[in-house]
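Across the two complexes that follow, subunit A remains constant while its partner is subunit B and subsequently subunit C.
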Partner chain A sequence: MSYIEVKELSYSYNNKTNVLEDISINIEKGEWIAILGHNGSGKSTLAKALVGLLEPATGEIFIDGTLLNEDSAFEVRKKIGIVFQNPDNQFVGVTVRDDIAFGMENLCVPREEMLEKIKFFAKKVNMLDSLDKEPANLSGGQKQRVAIAGILAMQSDIIIFDEATSMLDPFSREELVKYIKTLHKDGLTIIMITHEINEALLADRILVMNKGKVYAFEETEVIMKKKEVFTDNHLELPVALDLANSLEENESHKEIRDKLWEYALIK
Partner chain B sequence: MKNIIIGQYIPGKGLFYRLDPRTKIVSVLFIMIAVFLLQTIEQLLIALGVAIIMLLIGRISIIKVLKGLKPILVLLIFTFIFQIMLNREGVMIVNQEMQLTIFTALFLLLALIIWRILSRYIRYRFLLFLAFVASIFLILVYVDFGYPLVNSFSFKIYEQGLRMSAFVVVRLLIIITLSTVLTLTTKPTDLTQGLEKLMHPLKKIGFDSESFALIISISLRYIPTIFDEANKIMLAQASRGADFSEGKLKDKLKQVISLLVPMFIIAFMRSEELANAMESRNFVPGEKRTRIYELVFSYRDVLATTISVLILAGAIVLKVI
Partner chain C sequence: MGIRFNQVSYDYSSFAQGLYTAIKDINLEITEKNEFIALVGHTGSGKSTLAKHMNALIFPTSGSLEIFGNIITSKRSKKIKYNSIRKKVGLVFQFPEYQLFEETVEKDIMFGPMNFKITRDEAKILAKEALNLVGLDDTYLTRNPYNLSGGEKKRVSIAGILAMDPDILVLDEPTSGLDPAGKRVLMNLFKDINEKTGKTIVIITHDMDLVYQYFNRVLVMNDSKLIYDGLPEQLFKEKDLYINHLDYPNTIKVLTYLNQKLNLNLNVYQKTNADALLEIKRAAKL
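For the complex of A and B:
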């Protein structure tokens, strides 16, 4: 059984049109998944369903073998955390320390243990010096890092990022991506919803959603070669990959192709 | 506006900082009640002296407390003046003739214009205001040439009026000082947690003090964000030609509405997202949670509470006698 299993999941906000339709995906432990898709394709809805914020109309979600339902949501959410788009709307605490503690307080972690973990995870996201700062004095990127620390402190090992970088300036964005890379190295499962192809390229596999359905779900290298996936979903392929794809497939082009891929991935 | 989140709290080390917030809330409450029980200006002045000694012992800067008084200074002065003017009991102390002539009227007009212009550029606007009030008073008293506009009138102060106004003002002063000491030395988070613990017994009558405290602390957390947002909206609207400083009352009303509507919509969306964020981090309303902050009750707290109880008892005794 995969670490995350979604079986024939459908969901509708108004009981008329399905925002998610018959979604079946498996995600392995430690994988980095990127989710692409145009506005309104159901990416955020899927993310909310995965953390049990929505109850599926039909279908099932298993996280680490546990069926997600009203009774198991509390247990499941210990494993899976979500960082939302707007850094301001998810910062619950009055200070950084409070905010990292919030999830642990809900899990009834003893105070001493909390204080230790706060230090440990604040250090991990490089916020140790800012524990007493208030959100008004933090940048968007710092707030997102605090959100990550709060999730890590709950011992979650799956983190969903729902356009978590989209409200950040280019520098903080790059920095946050850097932290996500280290989380992935540490063995966490990453699900990253994004509109940035360059960010999606970092993933092991890419899930493309279209009108609530899975349009494609394949290895990053494979999907990047399928031009029609990008044109059909109004996604823009990075120039380097576009070039690489347009080169005829033969031995003499191989080196250039590899270079172009390398270039796109570093970017 | 960013500072509003910490309120008036100023980090420091004195005695009051080391007290448990519960002690401070309860003691301030007791002493406030005691102050309301006092009946003569003499008793109140002694109380004020005690309050100042307390400030000194706690090493709280008097200037900071005075700054805390600033928002209600106008209120204090108006109470003082009204009490003096309206209360006509007891011996008359001051009886000053005043007259309003064309000259004085012109002076007043001039003073008003100068005040309107100067007040925009001056930092200590309040001192300037006092100077103007004083000069108006002097002009009314001493300028007696020119064609009189109305019959001369007199300004009278009665002993009882002076007493009453001093009484009311000193009482207000003490009470504001007390609450300033509380907010100056206690973090809002500690304050809410103190309140939460103090109101915990109300659970029996169905009052959920933990949710109440959480609501307060989240509100505290979002006040600066909301002000930021208001600022942004105002800038956005100003860049499209809205003018928030000028215009008639009707226009101003329109502008306020054009500010409030987007703010409500944003707050509404925000609350939904915040609720999602909290739920995804396993918050369940009304469930037991551990807390990162711990309140510790020490011998100092016992001492402080005892003193405040004694003060209250003393005031009650004075009242009964």
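For the complex of A and C:
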């Protein structure tokens, strides 16, 4: 059995139209998955279903062998953390410190250890000097950083990032991605929903959602070779690959094309 | 003059944290017509705070601001019609959730235009047109804005400002959360509005590709200060943008990589993929 198994999952918010339709996917332990797809394609809905926040209309989800349902959701959520698309949805505390602590409190992390971790992860996202601030008084990118720190601090086996870096400046995004790479090396399973094609390139496999269905779910290199995946799904190829594809297949261009591919696929 | 900042500083004050100076000594002129300006800078550098001054949503702590002839200072003046300033300068918030409050998408988009002397039916038509412009079909009119996906919310919040048809548009990260095709469509729409109607548009973004391709003026905020006001072309020739937490556009990065790896002599300053392609082909022939 795979680490995460989704079987014939469908979901509807209004019992009329399905927002997710017949989704079947398997994800292995330690994989890095990127999810791409047009606005409203069902990415966030799928993410919420994976952490047991929505009850499937039909179908089943297994996390590490456990069927996700009302009874198991609490236990399963210790394994899987999610950074929501809107960081405000994650804030409950009066201070940044409270909010980073929130997830750990549910995991019953001992107080001393919790204080250490708050500092460690606040530092990781560059928010150490803001621990006493009110989350509501932060800038957009600062909110996203705090939301990320709170989930990283739970140190769960799986983390879902739902457009978690969409408002970070390029430098902070790069720093964070570097850190996520090290976590991935240490075995973290990552599901990253994004519209940033360069971010998706870091994944082992890419899941492309379209109108609530799985359009494709394949190795990153394979997806990148299929131009129709991009034209059919409101996507744009990474710049290097768009250039590589546009160069005629002749000898004088071969070396350049190879380098462009190399650039795109450096992890 | 559209908007002029004279030595503007702004302090947030809160009981827990005391004062925080979010923008400091800002001097800036934005012409009423024909400007297409990108506002960039690191997380927390003061971009949203600067934007909120542009339609008098907040007032400077010190210094003064001129918006269409109205002088805005720290003190509220009875002579100034702040609401009419907010109609002339439309602001789209960074988080659409702060802007959506009606029970249907249609009512939400109608809210702005209904402040003008027009009928409900006319406002409905404007709402529908604006909705279609941002890439959503009529079925969304009756939807509850809270029950939309992130990108759909963003689009509706932008439609609200388009329907208001202000003289100057200020958009705080309008493309974050949009799918790549949506990003293109909306950037082309903004550019089109700018070119056809001459309306000045200010856009906050972290996307350096957009800054390079679409804009002819870029403002860089760093640590509460405005540290650059000029051409994007010039900015991206700077040696170390990372110091300011910025980055180079993808075309420049990719062409630089080719130069390094293949010992080529490409001119890396190409704005579009098409231009980059021509440059590569030129070099390959040599």
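Criterion: the second predicted complex is superposed on the first by the 189 of 267 C-alpha atoms of A that agree within 3 Å, B and C clash if a C-alpha of one lies under 4 Å from a C-alpha of the other, contacts with A are read in each partner's own complex, and residues count from 1 in each chain.
Throughout what follows, a contact is a pair of C-beta atoms (placed from the backbone, for glycine too) under 8 Å apart; a residue touches a chain by one contact, two chains touch by 3 or more.
The structure displayed is predicted, hence computed values, not measured ones.
In the superposed model, A:Leu235 lies in contact with subunit C only, and not with subunit B. Of the two partner chains placed around the shared chain by superposition, subunit B and subunit C are both touched by A:Asn137. Of the two partner chains, subunit C is the only one touched by A:Tyr13; subunit B is not.
In the superposition on chain A, contact is made by A:Phe74 with subunit B only, not with subunit C. Once the two complexes are laid over each other on the shared chain, residue contacts for A:His38 go to subunit C alone; subunit B is not touched.
Once chain A of one complex is fitted onto chain A of the other, the partner contacts of A:Tyr215 are absent, as it touches neither subunit B nor subunit C. With both structures placed on the common chain, the touch criterion links A:Phe120 to neither subunit B nor subunit C.
Of the two partner chains placed by the overlay, only subunit C lies in contact with A:His253; subunit B stays clear of it. Contacts of A:Trp261 after superposition: neither subunit B nor subunit C is touched.
Common to the subunit B and subunit C contact sets on subunit A are residues 86, 88, 95, 134, 137. Within the complex formed with subunit A, the subunit C residues making contact are 12, 14, 16-17, 41-44, 48, 94-95, 97, 147-152, 155, 173, 176-184, 206, 208-209, 242, 245-247, 250-251, 254, 257-258, 261-262, 273, 276-277, 280-281, 284-285. Of all residues in subunit B, only 2, 5-6, 188-189, 217-218, 220-221, 224-225, 228, 269-270, 273-274, 276-284, 287-292, 294 touch subunit A in the complex they form.
Across the interface of their complex, subunit C is touched by residues 13, 37-40, 43-44, 85-86, 88, 95, 132-134, 137-142, 145, 163, 166-174, 195, 197-198, 234-236, 238-240, 242-243, 246-247, 252-253, 255-256, 259-260, 262-263 of subunit A. Chain contact summary for the complex, subunit A toward subunit B: residues 48, 51-53, 74, 77-78, 81-82, 84, 86, 88-95, 97-98, 101-111, 114-115, 118, 134-137, 150-151, 154.
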